[in-house]
Structure formats: structure tokens, C-alpha cells
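Listed next: structures, encoded as C-alpha cells.
Next come two complexes built around subunit A: one with subunit B, the other with subunit C.
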Partner chain A sequence: MITKFQVAYKNLQRKRTRSLLTLVGIALSAWVLVSLLGFNQGYEKALNQDIDNMGFELMIMAKGCPYEAATLMLKGGTGLKYIGESIMEDIAKEPEVDKAFPMLMSAVFDPNKGQSGGIAGYFGVDAKSFSELKPSLKFRQGKWFTSTDTYEAVMGYEAAELEQREVGDMILMPEKNVEFKVVGILERTGTQDDGTIFVPLKTLQKIFNRPNELTTIGIKLKKGVDSARFEEKLYKLPDVQVVSLAQVKDTIMKLISTAKVMVLSIASIAILIAMVGVINTILMSVHERFQEIGILKTIGAMPWDIFKLIWIETLILCAIGGILGIGLALILSKVTGILIRYVMPYAPSGGLVLIDLRLVLVTMAAILCIGLLSGLYPAWKAGRIRPLEAIRSEVAR
Partner chain B sequence: MNQNNISIEAVNLTKVYSRGSEKIRAVNDVSLRINRGDFISIIGPSGSGKTTLINLLGFLDNPTSGELRLGERAIFNHGKHLSERELTKIRREIYGYIFQNFYLIPTLTVMENVMLPLTFYMKPGTEDEAVKLLKLLGMEHRKDHLPGQISGGEMQRVAIARAMVNRPEILLADEPTGNLDTKRSGEIVEVLKGLNRSVGLTIIMVTHNPELARCAARMFEMRDGQISEIDRKSP
Partner chain C sequence: MPISTKKWIRSAICTEIFLMLLFVLIGHRGAWGAVGCDLNDPDRDVARLFPESTGYKTHYVSVDRKGGQPLLTKIETRLGDKFHGIYETIDVPYTIYEIFANKKGIGYIHGVNQKGQFGGIQVFVVLDLEGRIRGFYIQKMTSRYAGKLRDANFGKQFIGLTIKDFDLYDVISGKASAKVEAIKNPVPEAETDFRAALRATKKNLILMDEFVYSAQ
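After this line comes the complex of A and B, so read on.
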């Protein structure tokens, strides 16, 4: 006994090139769709992870543009405005605050960085509070500096690799001509910490002539505290800008949402084109087999049998195309992530395209639904062919 | 004549086609009685209406007027006819069809082509019919071949097996040897004669080859839409 599935599958092999091209169209659409949906959930997860890795919920800095503040926080750029260290003490006294962390970010031009020089970022921190803030940081070599005013440095993984430094080596801060002794090298984190050089807070304040000044204060709240309400309270402090991580996340998501809408539109067009391709392929196949379908009806096929036969062909094409496209998206997810990172104004660290089982199943279901829709018209048309028309067309030959 | 013995009966069957303002009577007032187990051939020149008649007798087309009965059941009765669904049910139950161009599915093997009708409808007890038929028609050794790998005569044998797989009562053959040489044509007609004799199959064959037509037990001639039986006993 031969099944309708076997008949449909073997028929698709009749015009191999045409079936293959249709498959490629579906596979490419599936690839775009699954990569895009994977990006949608991957980007958000990576962003959340980046924000979680920061170890605090609120950040205080001198008044300025909130986008600049967000970039400063996430990319480790230089803040040109400063706040007084005394604010730290006021904040630490608040009952909602679990911990507060002072930070001073500075940058110098390093002529030896890259081909034509570049900015080297220095991060002045208090070793004790900073290690509490980021317990996930692990040392590849060495440990944190011993006090807040020594000329010691802890290098991020990439910074150490770039400078080719080991614990015990000296590094020179360009422009300021100050030397630091490397006392620790961090393991890779996948965040901006990898490219940062951490030095004691007091030392950095002294070098840049910013005594008792900070660029940022990170605030970790006690459990159960309403961060929005506390944020309002912080605005009573003079000349400060409060940035909540939720706010930062929201801002970035809004920034990329326009790009996402555009890409989604392009993906929808790609799917539409693939759908038209499927309809065209199956319609051509029905047209070419006009007589054959008529003969199938004379040998006992009901209109519904023919409808099913043609529908199965469409489903086979979409199922194979979908599987190929999803496979392609899985294999190339890293490459897609790199491409997206290249074109996005800000991309968090970690994998940008996250394809999980749920996404695979949802995409597959969507492609099969599209396949069923695409097959409706050709299948209906084939089901309506009358045996006599087929025989007459034979006579016409 | 015993009514139960009648397979198909046509009374004043007429089919009129319109070509622009012109009316063409392709089948004109044909009355015909075909008994169970008959092997009849219909000959005639091109355009004489023989294909139209076989389509009417096979319920593939509706007559303009007249009556057509299958046994005691009226299929067409002066403009009244069964629904397409009902006709399809009767067709797959009663008829087997073979055509000049074979219409085998090129991607299916010989065996799969023969079994194809069973995908849509299977009479009880026909599970092993495909194997038996291929053996009977001398095509068993070709069962795994694709249609493109066998000769025209063999393809028509496969088409006959496909038409026979659901054990039809009537086999309609429209120019079954039209694409075959004389030797292969003779072989195919011998196959049809064998089936007529061995299983009592009613066969209606349309051909324009008088020599092949003479192999049938009864011969009819179509001319200008009208039919007449040729008396075989006359010199």
C-alpha cells in the first residue's frame, strides 16, 4: 500500500531544481525569522545579565543627559561631570540602602593603543566595597590592591592580554606618566570589566587632581525596597542625576525597538515572498499535472483526496525548509550575533541570539501554518479538476 | 433478455456541444445495450463521436438528453443526473479506465502505480491484487522499475493492472493501443481478451484500428454521432 505522503513526497522529486529553490526560499525565511526572534529574546537576556553583573540597582552621577549616563554606566565611558564624595555619606545613612559604592572613572589617551592610539579607561574603586559589589569577579592571577591610596592596579582580562602584563609587572599611565604595579589580573567576564584597569580610588583622585570627587555612586538597595519611591527621595539631593537600571534597560530597549520593527518588517516581507514562492511552485506543479490529477480522479480519488495530496506537498516543502532554516540559524547564531553587534549602536555582552526549544517549536509551527495557508488555493484548485477536462485536454493534444 | 444480465443500457443518448453559435451533435440518439461479460469494440473515423460516447458510458460526462442505466439503476434520465460525488463513488466501484497515453506517475515504481487507486479507495479483499495482476500480466519482474525504464507496451500493461486493481466490473479502454506498434497492440488486445474470458470482465474498447476491433466479440461503428452494430456473421 502506498500512502498519500509517499505519493506527495515522490512528486516533489520530479522537478528537483524547482523544489530545491523553493526549499531555499523557505529555509532563508525561517532563518531570518528564527534569528530575529532569537535576537529579540537574546538581546533582552544579555542586557539583563549585563545590568545584573553591575551589582547595583541605582546609580547617582552629576546632572546631565540620561542617555550619556546610561552609556557611561554600560560602556564604561568617561563622565566629565563630578559629584562630591560627601554625598556618599548622606546616601549610606538612608535606611533603604544596603550598600553604596564610590567610583571614579577617568580616561587618558594612550598613543600605543591600537594603530593610531586610543582611550585607556581607568576605574578608581575601593577594593573592599567593589569586591562586595561584584562577587562574581574571579582572579586569574593575584588579588585586589591592599589599600585605597597605593600605586597598584588590577587589570581586566583583555587589558592584561593587550598590554601583555603579568602580576608583578609595571604599567605606565600615559599623559600622567605614573607607574602602577600590577597586583592582580581578572578572569574573563565578557563585560566591559575585561578592558578596564582598576586602581585605588584615592590614588586616581590624586593623579587627576579630583580630591573628594566621584563620577558615580552605585547603590544596592535592601530587599523589598521600592526603588521608584527611593529614586524620588534621591532627587532631593542637589545637582544629582539618578539612573535606575530598569530605566536604563527601558531606554536601551526603546532605542533598539525601532530597529527591531524595521527588521521584523523585512522578515515579514521575506516570509511573504517565500509564501508566494510556495504558492507559485505548487500551482505550477498542479498546472503541469492537470491531466494526471484528472486521471487520479478517474481511478477513484475524491476532490478531498486530491486536496490532501497537494496540501501534503506544501507541508513537506515547508517542514523541510523550516528545519533547514532553523538548523542554519542555530549553526550561524554566533555569526548573526557578531553581525548584529557590528551594526547596533549598543550591544550588551554575551550571546545576542538566543534560540531555545520553545522558539524552535514556535517558529516551526508558524512556518507550517504559513505552509497550510499557502497550499490552500493550489489544493482547492487541484481538487476542482474534473476528469473529463483532463481527458479532453488529452484529445486536444 | 434477463434484466440482471444487463451491464449498461443507453436509450436515445444524445450529447450536443456548442461551438460558438454552432451546435454539434457528437452523439446522436444512440441506443445500446451491453451485457455483463461482453467485450465490445467501437470503431470509427476521428470526430465520429466514439470518445464522447465512451465518456458518457463511463459517467465522465453528462448527456444532453436520453437515458443511461447501470444495471437497474438510472444514472442519467432526460437531464436528471447524479451528483459528481455520487458519480465518483460509482466510477471507483464499477469502472476501470485505460487511456492511450497510459498516465503512469513517473516518480512511482510499477508496483506503486498499480497500487495507487488503493490509496483512495480499496475494495475488501484487494490487498494482494496488485501482485497477482502484475504476475498475470507478466510484469512481476518489472515491479520495482520506474515507468521511464519500461517499454510502451509494458506501460500499458501496468495501466491495465492499475485499472484492474480494485476489481472493476467494466473496463473502458479509449484507444489503448494508440501509442503502440502492431506487435505490442496485438499483445495488449490479447491481454484484454484474457481478462474478459478469465474474470468475465465487461470491456468497452474504442479504437480506430479495424483489425484490433475484430478481436472483440461485438463490434460497433460510429459515424456522425450515430452507432450501428456490425454483423460479424455476414460475409
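After this line comes the complex of A and C, so read on.
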């Protein structure tokens, strides 16, 4: 015996183009919805990953704009003000502190980059503490500097590729006219470290005539320490700004939320369009089968049977459209990520669109609910068709 | 539902499909642009290198797509050296700028990456329709003497040369035809970068010959 599903499926096949266009509408709406929700969770995860990869929870720098400085750091830029190394020694003694890491960022102007020159940045670190800070860093070639004040450099993956350097090659610091021997090249990390050139802290301090000065101190707290309370304690230090990476994350997320609301609005409109498309398709189908429904009722079909039949049509359209849309979102998630990265002023490294099983199921459920809601009116209308009216309408048709 | 609404829905669907295709195209270009050797500011650089130009078209070509391994072997044989490093792999995308003056093609600009003494060098040649060098530009070079090698006077020595002149240039030993031999290194201390610039020029001309001139 033919089931209601089969009848509904056959009905949809009668007007293939119309059904197909409705399917495309639902699929595209599902795609937008899944991609947006995937971006929502992917961006946050990538940002958390970036911040975790930094290896510390708090940063201390000279007074200035902390958010700007922190963003510059995330992007591998430079700090402009300096703090004394003695501050780090004091902080390291605090009982809440697990480790404190000194950093000096410096930039030089390279007149031979393009027509109008460019900036080359260097990152002065203490190899021992820095490797403790970032134990995940792996070397593709070579190793860290042999001493704290040697003229050696470790290059991030992309920096080495851009400059076509291998271990043993030399690099030249423009403006300062100082040569460094490349002793290590890092594996790709997907973070700002990829584009960074690391040199020994003491060497960089000497070159830039900044003895015992730093741009940033990274602080890793002991487990269980209340970061906010310790932050308050650090504010008592003179002429320094304390930046909590959790704060940086919150600020970035707040900025992103505006964009997300806008995209969510666009997605809502797309869903509304799909809903209207579904109502249109099913209503047209009911209208065309006015007489046929009347005959079904004459031979014993109850209003609820007709209602179910029409509702199943909506369900089939939404289920297929939803599956297609989710499939599209999965296939194009990387492309969507690239596009977002292209248009956004700051995007963390790693995948920006994260689509997992939970998201797929939630979206599918949402699409089915919206679809079933859209099908309510046409199904109700079909259920209310009077057999006699339907049969009489043949003359009019 | 009124017909106009249905039309509107259809046009909305078409717009969404168009946007989807646009996403794919932008994503594709972005992925390619990451490793090629492009002009930093194409609009400004094309106007500077080809003053009579009125427009340009950008083409992305790779050895892999043009001829695969046999083409790579042929290019390496002509160069007299193996391709090595990340900027000399078979799938490196080369950006060719086709230059127009009033819709008529008047030449090309093409750049390649080359390993230098202290960092990567980017060497661009400006070619006429016959493949003759009419301009030479080192976009990026890290060296104490970069200024002299990037100077217009050094570049002028390349003007008028073709791939035929560079065919006899041995990138390993430095032996060359009279015309290439005539190119003087303005800074003897920067011999490594000078030789790198010559190798990059030969590689550049071979690639252009294989990608454009031989095809014509």
C-alpha cells in the first residue's frame, strides 16, 4: 500500500522546477544559518586558542593604551614604550606568579622593501624562559640561541619562507646594519609567531641601546590564582599598564558581536524568504489540487489525513533543503573562513567557522520547526476544503 | 501568492547563488595570492613602469598547470640549475601583468622570488611584446648595498636584453654572453646578490618565454 510519504513525494515531483527552487531557497538559508552559527563558535574558539598559545594570562607594559598594545602584540606588532627590567624581578617574587617572561619588541625601517620602504620587526626574548612559556613551539630546523647575548636568530615559519632562509644563512637588520646567523626555524604554529624573528633579549637591548629595558612582561599565574585580584595588586606598580588577556578577548568579542548581529539579521531575512517560499509552494500545490483533495474527502479522507499529507510535503522539502544547506556549509566552511579573514580587520589564526554535530542537529531541528510552522496554514486550508465545493469547482475551472 | 512576489523570491535565490560563487572565487584568489610574487601596489607600479599604459590585466600561471613535471624539467635545463626552496616549487603561482594602451597589448611585467645573501629578493622585468627587457625593478632586497642594486642605473644595463642573451649565462659559474657579461656589478662586495639578481632575471625570462612568448 502506498504510504502518505510516497503520496507527498509524488505530489512534490509534479512541479519539479517549483519544488527545486523552494529547495534551493531552504538550502541557501540553512547554509547561511549554519555558517553564521559556525562562525559564532569558531571565532571564539580560535581567539581562545590564540590567547592560550601566548602562554600567559597577564601582560605588563608601560602606560599607554593597553588594548591597542595588546592588539599589536596579537598581530605581531611593536610596543612603543619601555619599562625597567627590575619590575619583572619584583613581579617574579610575588607568590601568585608561576613565571614571568621578559620581552622586547623593536622595529626598524627597511628602505628596500617596495617603493616606499617597510617596517621589519624583531622580538627579543630569553630563549630559556620563552621555550618554557611556549612548550608547543617545535623546530623545523636548528635550535634556540647558544647564549643570551649572541648574534643569532630564530625565525618563524613564514618569516623564514618570505626571506628564504635556512639554518646557517645570515640575515641583516636594516638601519642598524647588524648581521644575525639563523640558528633555528620554527614549525608552522598558525599564530603570530610564524611571522616573527626572535633574537636574544640582551643582544636586542644592546643594539637599540635599551639596557635593562623591556616593552612587555608576560605573567603566567599559578593554578587557582584569582587573576582579577592579582591584577588589582599589579595596578599599584608605578607607570605600568596591566592587560589581562581575558579582557582583550572580551573587548574583541564585543567588537565582533556588532558584526554578528548584522549578519544574524541578514540570516533571519534569508530564513524568512525561505519560509515564504515554502508557504508559496505548498499553497500553490493545495490550490492546484483543490478538486483532487475534494475527491479524497468524498472517498473517506478525514481533514486530519489531508492536513498530515500536506504537512509531510513541507517536511520533505525542509528536510532535503536543510540537509543540502548543511552539506554546503560543511563543504564551504574553509572558503567562508577565508572570506571572513579577508574582510575582518583582525581575525585569529585557525579555523574561523567551526561546524560540529551539535550545531548540525540544532540547525536541522530549527529548519524543520520553521518548515513545519510554514506548512501549518496551507495544511489547515487543505484540511478545510469542502468536497462538494471542490467537485463543483471543476465547472469553473 | 502574487507573481511579482514569486519573481522577487527567484531573484533573491539567484542573488544568493551569485554570492556563493563570488565567495568561491575570492577564496580561490586569496589562496593563490599568498605565495606568489606580486607588485606591492599594482596600480601605481604599472603606471610607473609602463607610463604609456592605460590598463592592465592580471594572469596567474603555474608550471604545474602549464605543463607539469616535463615543463619544470625543461625550465631547469634551460636555467642550468635545479629549482629549490618554497618559492621554486612546481605549483608556485606566477603573476603576469599584461599591459594595455587603449585596449591594445603593449607588454608584460613579471616578477620572481630569488634567494639572496641576507633574505629573499623580488626581481621584476618589464618586457615588450617581443620579450625584450625595457625595464628592470628589484622590489625587495635586504643588503647593505641594496640601494645600489636597486638604483635605476643598475637596472638600465638590462634594457634591450632578451632570453637569447641570457641563454648562454651559466648561473653556477657566472660565465655569460658578451651582452650579459657587460652588466657590471656596482658593488663588488655584493657579488652574491648581484649573481642572485642575474639568476632571477634568467629564470624570469625563461618562465615568460614558456608561459607567454612560446605559446604565441
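Keep this in mind: the second predicted complex is superposed on the first by the 387 of 397 C-alpha atoms of A that agree within 3 Å, B and C clash if a C-alpha of one lies under 4 Å from a C-alpha of the other, contacts with A are read in each partner's own complex, and residues count from 1 in each chain.
Just so we're on the same page, contacts are C-beta pairs under 8 Å (C-beta built on N, C-alpha and C of every residue); 3 or more make two chains touch, one makes a residue touch a chain.
Just so it is clear, the structure is predicted and the values come from calculations on it, not from any experiment.
In the three-chain model built by superposing on subunit A, subunit B fits alongside subunit C with no clash. Between the Cα centres of subunit B and subunit C, as seen from that of subunit A, there is an angle of 110°, stated in steps of 10. Once the two complexes are overlaid on the shared chain, A:Lys113 sits against subunit C while remaining clear of subunit B. Residue contacts after overlaying the shared chain place A:Thr3 against subunit B, while subunit C stays out of touching range. In the superposition on chain A, A:Ile273 makes contact with subunit C only, while subunit B stays out of contact range.
By the touch criterion stated above, A:Leu376 is placed in contact with neither subunit B nor subunit C. Of the two partner chains placed around the shared chain by superposition, subunit B is the only one that A:Leu388 touches, whereas subunit C remains out of contact. In the superposition on chain A, no contact is made by A:Ala366 with either subunit B or subunit C.
In the superposed model, A:Leu264 lies in contact with neither subunit B nor subunit C. In the superposition on chain A, A:Met302 makes contact with subunit B only, while subunit C stays out of contact range.
When subunit A is checked against subunit B and against subunit C, the one touching more of its residues turns out to be C. Taking all C-alpha atoms of subunit B against all those of subunit C in the superposed arrangement, the shortest distance found is 23 Å. By the touch rule above, subunit B contacts subunit A in their complex via residues 51, 55, 58, 60-61, 84-85, 88, 91-92, 95, 97, 99-101, 103, 105-108, 112, 115-122, 127, 162-163, 166, 174. Those residues of subunit A that touch subunit B in the complex are listed here as 1-4, 6-7, 10-11, 13-14, 291-292, 295-302, 305, 386-388, 391, 394-395. Residue ranges of subunit C in contact with subunit A, taken from their complex: 1, 5-6, 9-10, 12-13, 16-17, 20, 23-24, 26-27, 30-31, 40-41, 44-45, 48, 85-87, 113-120, 139-144, 146-147, 150. Contact residues on subunit A toward subunit C in their complex (touch as defined above): 21, 24-25, 28, 31-32, 110-115, 161-165, 170-172, 174, 177, 179, 270, 273, 276-277, 279-280, 283-284, 328, 332, 334-336, 338-339, 342.
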